[in-house]
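Have a look at the structure below, then the notes.
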Amino acid sequence: MKKIDNFKSIIDRYKVVFFDAFGVLKNYEGLLPGIERTFAYLEQQNKEYYIVTNDASRSPTQLAESYHKAGLNAITADRIVSSGMLAKEYLDLKVNDGIVAYLGTEDSAHYIERSGLHTLPISQIDSSNIEKVNALVFLDDEGFSWVNDLNKTVNLLRKRTIPAIVANTDHAYPLSVHDVAIAIGGIARMVENIVGKEFIRFGKPDSQMFMFAYDLLREKGPISKQDIVMVGDTLQTDIWGGNKFGLDTVLVLSGNTQPKDAENRITATGIVPTYICDSAVVEYDELGF
Amino acid sequence: MKKIDNFKSIIDRYKVVFFDAFGVLKNYEGLLPGIERTFAYLEQQNKEYYIVTNDASRSPTQLAESYHKAGLNAITADRIVSSGMLAKEYLDLKVNDGIVAYLGTEDSAHYIERSGLHTLPISQIDSSNIEKVNALVFLDDEGFSWVNDLNKTVNLLRKRTIPAIVANTDHAYPLSVHDVAIAIGGIARMVENIVGKEFIRFGKPDSQMFMFAYDLLREKGPISKQDIVMVGDTLQTDIWGGNKFGLDTVLVLSGNTQPKDAENRITATGIVPTYICDSAVVEYDELGF
Amino acid sequence: MKKIDNFKSIIDRYKVVFFDAFGVLKNYEGLLPGIERTFAYLEQQNKEYYIVTNDASRSPTQLAESYHKAGLNAITADRIVSSGMLAKEYLDLKVNDGIVAYLGTEDSAHYIERSGLHTLPISQIDSSNIEKVNALVFLDDEGFSWVNDLNKTVNLLRKRTIPAIVANTDHAYPLSVHDVAIAIGGIARMVENIVGKEFIRFGKPDSQMFMFAYDLLREKGPISKQDIVMVGDTLQTDIWGGNKFGLDTVLVLSGNTQPKDAENRITATGIVPTYICDSAVVEYDELGF
Amino acid sequence: MKKIDNFKSIIDRYKVVFFDAFGVLKNYEGLLPGIERTFAYLEQQNKEYYIVTNDASRSPTQLAESYHKAGLNAITADRIVSSGMLAKEYLDLKVNDGIVAYLGTEDSAHYIERSGLHTLPISQIDSSNIEKVNALVFLDDEGFSWVNDLNKTVNLLRKRTIPAIVANTDHAYPLSVHDVAIAIGGIARMVENIVGKEFIRFGKPDSQMFMFAYDLLREKGPISKQDIVMVGDTLQTDIWGGNKFGLDTVLVLSGNTQPKDAENRITATGIVPTYICDSAVVEYDELGF
């Protein structure tokens, strides 16, 4: 583990950079000031990059648009790998027909749909269609009534032996400097404990997320895991998952992990990043253009 | 483990009977038909009995009233030991002043109040009073907005280092022959996982429940644990807890544990009741009066 | 939570003191220098005290002797409550005959024996006597071959549906300032995970330990939980268990919890002692005699 | 889920078959009688196949030799994907120099070695070389003294912040029709619980195992996940992992899952195979050659 002051010098050592989104590129106030310079530098150097994010609330296209609106045009939909895309791949491969019941907003359900599959919010499942439900997906913490629809979800899973897919493993997400909100991954864990069945969870630290991005990379040409560095603010997801997949990793201190806690948490968890860096921002005077 | 056809013959071997409530005395349709004969026999034989129940939604007085309305007058408030009473005892002993925030109905909060303590629903906690909150209690799954108040609860526990008390450890409770509802113990586990702190949980199988009833018994005269039998329908709470406390135990098959599953579940869990019995109902022709 | 410099002033507020042993009265170098003054003061003030310890390796008599040899005569066998005593009480109440198989030393097995029960080390269980085994007890990490006897234990519990009792819940214990050893509680957890059954575990933080000591106290005369303070060095066992039982608690910084970490660990776990104190030693000049 | 009598008809639907080893191809008595016909049929039909096995005790070459000795020559080293190979890949990518301490036999350590890395059994780690240890690997349950070396392992991980790699996630493995043995994955979980750090675990159900085999396949030509079927005897590893990776799955009833329990376990766990089949053996009269 090396403490490095200079994120640019890390980029210089690799051909590809994988970025976590929240706490690395943006926070509850919006984009990290100066993060656009990092992407300007990556493009100038012809480096590849991907955003690898536990987010199933929107499609990659919608996620990309939100970056564009904030002023970061470098992040296009084809550079985003989200846990929602893995949920969609699962449904594409494994669920052939019938209804996919979901917890989340209409937006979150829209992009997992395809011909042959019908998505329905859990609130619309009743005795007339319950036998046609072939999967349940936890997509977002919004868009449904917690008390009604979570109780309904528990009973659906007691009555039907169907796969339950969790499209975002996070248990909470930050709302402001002081507040968090319960994420759909935390809600899904409660339901899983109650029904006592094994859910299928997509999202970092699971290696399938990294594999998805790695496969996109390999379509473009030969690449080795040693050419890639994963940048994240959370030891248990970004760093642990990146390490396990065989990547070098950078812990940035702009999000979940505070500068004063970093060393203690690394020692306590045994999760060791290759580098520690204040943030993923490349300084103006480092750009050289 | 003995399979016994005759609940009366079990009563005859002990001086005291502890009963679980749901699945033993009542189910979602009301009292078990004939259960009043069991209490008539207990009273005729001068046997002591207590109801030991994971319920914090109402006071013992209110719980007793619900039995009386259903036609079972034998169950008086002083014979009910609920997990809510342990939560109340904890507050009495350990929280001297300030606000106790709660999740539950007004009814559930009413009986844990006392002079010096002010109970407030979590919805009424804000920046003006958050510093006065000295404890949080999970009482009931009703009486609050899940989405708003659970998020608020998570943030309260991130900001204040205060005890969080779970007054009912159950994760779900039955609503009908086919449906269950998420219980406050399941919700509390989700919050505990998210905030990463250790909550204080009251309710079977924890031995403090059995101890509370045992202490009430000992106030009336000398008694040994060998004089008591615990009757319940759930291996993991009633039987495991009763065994660990040193009591003989009866698994009845009128609730959570189905007759066809009993042997398999005992083998799978390693939780062995002293007896298995169809139900806690004493037959009419056994009464002899 | 109050930081208090002076352990004597805590004693002065209570009628009874419960002490954890390791990290409070002694450490790997022997007795804490000056701890005998604490007991001199307790006796001079006619305060009651008990040692409440997760230890099943020896009988209370043998434990008391070890204090006497070290020069602390105040700790007599009748003042020691060990998790091993709870295991013994369980066997007395719940196992009527046959063989109790055990993992541990002969010493540890000796004191749980009684007429009617035959204790046998797991190494001596074979096809000739396996059907007579009515309980298994995890007593100590020494006295057996780990590789042979742990594999044998797993297979015993797969073949026989019998209670498995863990007489010490600790997962590790300190050997020196730098080293720990795996405790029988950690080994038992591994076996429990493999066989998938529910073991019965005795020891702090479980309230049954505190109840046992409280019952001994009550035999001597009326007492309230508010008259008792629990002193320990470990948040998750001594303090959490003491709090849950309704006792005031003192975290001492002479053992598991380092002075520099105390505040952080309290915030992280949400386990709040009533007081924090450097150690349980009463200073010479405070004694006044 | 379809109950299929005829394993050959499943093969006919796919281009590639992944097999678990134990419980599918062999059991404690040796190869499943007739299993050589399955591989004869696969070769005759020009189907690809891989063995995907949680085994880190030997190299693929040694594993292949054991099949050859038993009379099954079809399984060559290049068709075996073991969890040990993932551990080796991790070390290749992430540990550049120094000592890799291990628990296991010399055989198990041999194949993870490479130039620049020095493997040493944990018994040979002492104060002279502890600072050079850059990783710890759990390889096999044999080849070391449990009591000495497990205690040493705990203390190594308390002193050094290094990755701990578990090269086989299984907690137990079968020895005979009645007996199992504790596997290194179960031992590693105990150590992980004691030291409180996050270990890196390789083996089914983790998707990295399936990805490794899938990558080998793709080197040979274009293939889709829909062309592959995973065959296993264990719901929680083979079937759950195969499903999550997006493969169709076959539960065979020749190993861990008994015919009488299959339906119950599927309902209880919510893990649903695409097919259930008695075994992976192709019958003689189905071969047609």
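All chains are identified by letter, namely A, B, C and D, in their written order; residue positions are counted from 1 within each chain.
FYI, contacts are C-beta pairs under 8 Å (C-beta built on N, C-alpha and C of every residue); 3 or more make two chains touch, one makes a residue touch a chain.
The structure presented is a predicted model; accordingly, all values stated were derived computationally and were not measured.
A.B. asks: Please report the smallest number of touch steps linking subunit B to subunit C.
C.D. replies: Graph distance in the chain contact network comes out at 1.
A.B. asks: At what distance in angstrom does the C-alpha mean of subunit C lie from that of subunit A?
C.D. replies: Whole-Å distance between the two chain centres: 45.
A.B. asks: Starting from the mean Cα coordinates of subunit A and subunit D, work out the distance between those two points in Å.
C.D. replies: Those two chain centres are 28 Å apart.
A.B. asks: For subunit C and subunit D, let me know how many angstrom lie between their CA-based centres, rounded off.
C.D. replies: 41
A.B. asks: Quick check on subunit A: which residues sit in contact with 2+ other chains?
C.D. replies: Subunit A, residues with two or more chain partners: not present.
A.B. asks: Could you run through all the chain pairs that touch each other?
C.D. replies: Contact pairs between chains: A-B, A-D, B-C, C-D.
A.B. asks: Report the residues of subunit B in contact with subunit A in the complex, numbered from low to high.
C.D. replies: Within the complex, subunit B contacts subunit A at residues 145-147, 150-151, 154-155, 158-159, 171-172, 178-182, 186-187, 189-190, 193-194.
A.B. asks: Going by the contact rule set out above, which residues of subunit C touch subunit B in the complex?
C.D. replies: 89-90, 93-94, 157, 161-164, 195-200, 206-208, 211, 225-226, 236, 240, 243-248, 266-272
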